[in-house]
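The chains carry the letters A, B, C and D, assigned in the order they are written, with residues numbered from 1 in each.
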Amino acid sequence: MKVSYYPGCTLRNKAKDLDIWARRSAEALGVELCELEDWQCCGGVFVAAKDEIATKLSSVRALAQARDRGQPLVTVCSACHNVIKRTNQTMRTDADFAAKVHNYMAQDPNHIAPYTGETEVYHYLELLRDVVGFDRVREAVKRPLTGKKIAAYYGCLLLRPGKVMRMDDPENPRVMEDFIRALGAEPVIYPARNECCGGYVVLENAQSAEKRSRTVSASATGHGAEMIVTACPLCKYNLVKSGSELPVVYFTELLAEALGVKEESYAE
Amino acid sequence: MQNKNERRREQILRISGVNPLKCMRCGKCSATCPSYDEMEYHPHEFVYMVETGDLEPLIHSASIYQCLSCMACVERCPRGVEPGKLIEALRLTVIREKDGNHMTADTIPAVIDDETPQQAIVSALRKYTK
Amino acid sequence: MQVTEYKPLIVAFCCNWCSYAGADLAGNNRLSYPADVKIIRVPCSCRVNPMFILRAFQRGADGVILCGCHPGDCHYTTGNYYTRRRMALLFSMLDYLGIERERTRVEWVSAAEGAKFAATMNDFVAQVAALGENKRLEDLRCKK
Amino acid sequence: MQRIGVFVCHCGTNIAGTVDVKAVAAALKNEPGVVFSTDYQYMCSQAGQDMIKEAIAEHHLGGIVICSCSPRMHEATFRKTAAAAGLNPYMVEIANIREQCSWVHKDMAVGTEKAIILGKAAVAKVNLNTPLTPGQSPVTKRALVIGGGIAGIQTALDIAEAGFPVDIVETKPTIGGKMAQLDKTFPTLDCAACILTPKMVDAGQHENIRIFSYSEVTAVKGFVGNFDVTIKRKARYVKEDVCTGCGLCTEKCPQKKVPNEFNLGMDNRRAIYIPFAQAVPKVATIDPDYCMMLKSGKCGVCSKVCTAGAIDYKAKDEYIEEKYGAIVVATGFNPISMEKFDEYAYSQSKDVITSLEFERLTNAAGPTQGKLLRPSDGEHPHTIVFVQCVGSRCEACSEKGKEYCSKICCMYTAKHAMLTRDKYPDTDVYVFYIDVRTPGKNFDEFYRRAVEEYGVHYIKGMVGKVSPEGKKLHVQASDLLAGKQLHIDADLVVLAAAIEPDRSARPLATMLTASMDTNDFFTEAHPKLRPVESPTAGVFLSGACQGPKDIPETVSQAGAAAAKVIGLLCKDHLTGNPCVAHADEMMCNGCSTCERVCPYGAITYVEKEFRMPDRTTKLRRVASVNEAVCQGCGACTVACMSGAMDLRGFMNRQIQAEVDAICK
């Protein structure tokens, strides 16, 4: 099947590997990631204020393009996913906001039909769970990660606000644990998995971010994890920077490894 | 002065969509806030201060730049008050004013390293500048 | 020549359990309101057929007000919810026909709200009086 | 056209002071149908009433209009007067010229003019009045109580004591309900079992009480005084009348791994079981989900050990039908699921428990024989954190919790905290609260004792997150008064889960056409003045099915409901309200709209044969109003599109006549 794909700025730069392994794995699972044309950066964070219109236009353009292609929109980066899904929800529920967006968009040279939230937005993990199915992932695994104790780190962006993201139970999620099981490894459940790593505040108050990230990695370590897996480049950065004893890897890397497509992507 | 304060308060309520009167003062937002120790004023105090219009101390407090936007308070608030959105609206109100930027492009190189993801930089600029 | 002050004709439908009792309480407390208001007792505000209101306008009423129990307090549990919906529709139709919105009103008055009843009637009468006579739906054949 | 008499009352100067009563009487004399018109000082006095009676006889009046005070005051009086004179009481109309005229207007001319118009409207209406006769229906002198908790037991006992037979229907194998699971009761700390079990025994032995345990109500038909109820008696695979309750089978059953619901799954029971030692009826029940004999036909141990021969593997569900005059709903409550509050890690740690689980952990008959031990490792907890308002007082549109205050949590938490400190003084007890709500006799004193005498740490603030780390539960919370975020390493966390109505309540409400609020609590007929009656005649409410309640409140409401039932069952016949809806079958188009808007389920549709003009007969579906159930609100009359539905006493024609009279 074909889906529209929004990689986001970080996956083009500092987190290239997150992107490459996502593409390779999707291919191995029979999903074609069709990258959007001329996509623009989502802005990194969703600005909740109702009068922030311009900051959400790039997301609306991405959503509209996917709608015109008749495809769901898939993201890998937690931050892009959070921004695009919340923008989509706002377009669906806030008519006043949507009208203002349409006024902006009408001035676009490549003006498109007004977008009203038709596109389905999936995180790559949701794609695996809801479209591909973890059973199919399990069957496609060539090198199961048997015996590995892996701590899934959700952070805040994947789950919250739960009413909008609708990804999983925001307090007791299981999508990443199920993913880890599908790869043959053993998930480690620890309480800090849905706590924030410190996010962008690392640029404002590095100590604060360090404290947050340490709490997370200490909790994972305390519960016997050998590795932390994440979906967000900023989470990974903060965890590594704070001196996590455990290796921090992207979930797509694990997936590519289990599917046996990791070396291929190295060759590129 | 009174008017300016009232205008700010009105804008904060409007752009956040938050109704502080829904708050039942349980303090769960502050119980859940990961940045609690970094803040001088805490989420439940933000809500109360906006409710009563006591904005000056907040505006001059570094607390408003410590929020991680992690939405834990929004998720767990039993009354649906959404303190996180209120804090964001307050911060926007401050940085949109003259000389309100909390961070400039010039200051960025000093706080990043080779590994800093782009996402962190655009996020910080979006949160701290107009 | 004698100049007579314009007196609007107001029909008020009051439910037996709350608003009619509220009107009685206004009386007990001697809270006056214009005599232009004439009350018709109905068991529940939901007994008021839109036909009655149209009939009143046709017969020359200048304003019609419908009073019922507060939402959630209906003696019959849900009657006033029906009223609320029906009247929203009827009033928008009347609006379409050119009967000003200000000539009609739904008000919740409990048995304890004598003061509210009187205040509401004073306000409504003043509002209708400001609009002047209702000619739009009036059927002159009905006039004596 | 009726022959109408008009009687204008002076009410001393109350009316005559502002209204020219003689002018009113004179003006109304000329109205169509009026053959007699007079005024008198006090119409409601004996002399006034005698005058009305004489006039009815002398002038052969077919209808009368009294211009006087509010009908809410003296309508009943004048109806009796009319009846005494041989006139149908529903041929009386009142023009309210006191409360709604003389008392609110000051000018005599204005008042008189309005009084005349009000009188004309009443005359116009009475011209169209028809004699009405209230229907009568017999009363079945037996009551049904649905739910066998303390509410149901108390209601049943009170009704039975008054001499009426009562049946209790309980879904569980025993009566007793939630109270049977409790350890101590606030604010006196007497043991729940000690005060409940004697009542259970009384109910079990009372000659007027039948207990249908392990049973459900599946259908209700009929109306006040005449309910037909179908009760499903679920197969318990044990003959109730043969089983002696010796309990031998429950010891020998080889299936030992059945989660024990009475202890909230904190220990196991057998597949054949008696929920607890003082169960009533004390009869074993086989759980078909776990019994090997029922599932695979291999076992039969209980049958072999039963000396009484009570086991019957071939038992089937039975349905019985019974008639009742009154139904009492006492379906009670349950704590809500903690699934959506996993920030407290309920599903992630065995040591995060609900208050009801805590109750079992401290109960001598519970899984730990009353020793307070951690469910995870059986160790004594030394730091316990109680979290209040979990799922209570949430915003209205919350997907997680309830909007209301669950009312009982503040007090039971004070009890738990106090008892813990009393038994285990080395334990630190923290209670996180938003408000401590203790309105009740001796309640606040009780809470203060917990703080002042027992040293329970009450902290104003909420817990944000509970993190299981190793053997500890890391509790992160607000201390709002100190302005701190607290971090406590606890051994046990107890959640005061909100309570909600039992799931069986919603389908039951549909069967009974009893209304519910948005939270599925049964609605009372009037929140202040009729708190134990449902708006549906003959259906009464007892206990927490109507709203959160503690035991003393439940017992008082149970007694009140019983008194209402007794009042009903004492009557041989019920007299209805004749002002009810009525469908003109020739006009009814069978659309069912009225059936849907009726809040009482009073309207049903019947197939009827009609003779057509061409002498053929045709089967048509038409509305039929049960006059004993209809309360006369009139919602159906407006909903009816064909105009077939009308309300006696407030007919369309009558109200329109009033409108016309006023607008003339």
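One rule holds for everything that comes next: contacts are C-beta pairs under 8 Å (C-beta built on N, C-alpha and C of every residue); 3 or more make two chains touch, one makes a residue touch a chain.
What you see is a predicted model; the values in this text were computed from it and never measured.
The interface holding more C-beta pairs in contact, when A-D is weighed against A-B, is A-B.
Measuring from the averaged C-alpha position of chain B to that of chain D gives a distance of 47 Å. With centres taken as mean Cα positions, chain B sits 25 Å from chain A.
Separation between the centroids of chain C and chain D, computed from CA atoms only, is 34 Å. Within chain B, the positions touching two or more other chains are listed as 72. Within chain D, the positions touching two or more other chains are listed as 343, 465.
Touching of two or more other chains is recorded for residues 171 of chain A. Contact between chains, per the stated criterion, is found for A-B, A-D, B-D, C-D. Within the complex formed with chain B, the residues of chain A that make contact are 8-10, 13-15, 41, 43-45, 47-52, 55, 77, 79, 155-156, 159-162, 170-171, 195-196, 198-206, 208, 212, 215, 233-234, 237, 240-241. Considering their complex, residues 340-343, 345, 347-348, 399, 465-470, 474 of chain D touch chain A. Every residue of chain C that touches chain D in the complex is listed here, in rising order: 9, 11, 16, 20-21, 23-24, 26-28, 30-33, 35, 38-44, 46-52, 55-56, 59-61, 73, 75-79, 82, 86, 118, 142, 144.
By the touch rule above, chain D contacts chain B in their complex via residues 343, 389, 393-395, 397-398, 400-401, 434, 460-465, 476-478, 480, 483, 485. Contacts from chain D toward chain C in the complex involve residues 70-72, 96, 98-101, 103-107, 110-111, 113-114, 117-118, 121, 515, 523, 526-527, 535, 579, 597, 599, 631-635, 637-639, 647, 650, 652, 655-656, 658-660, 662-664.
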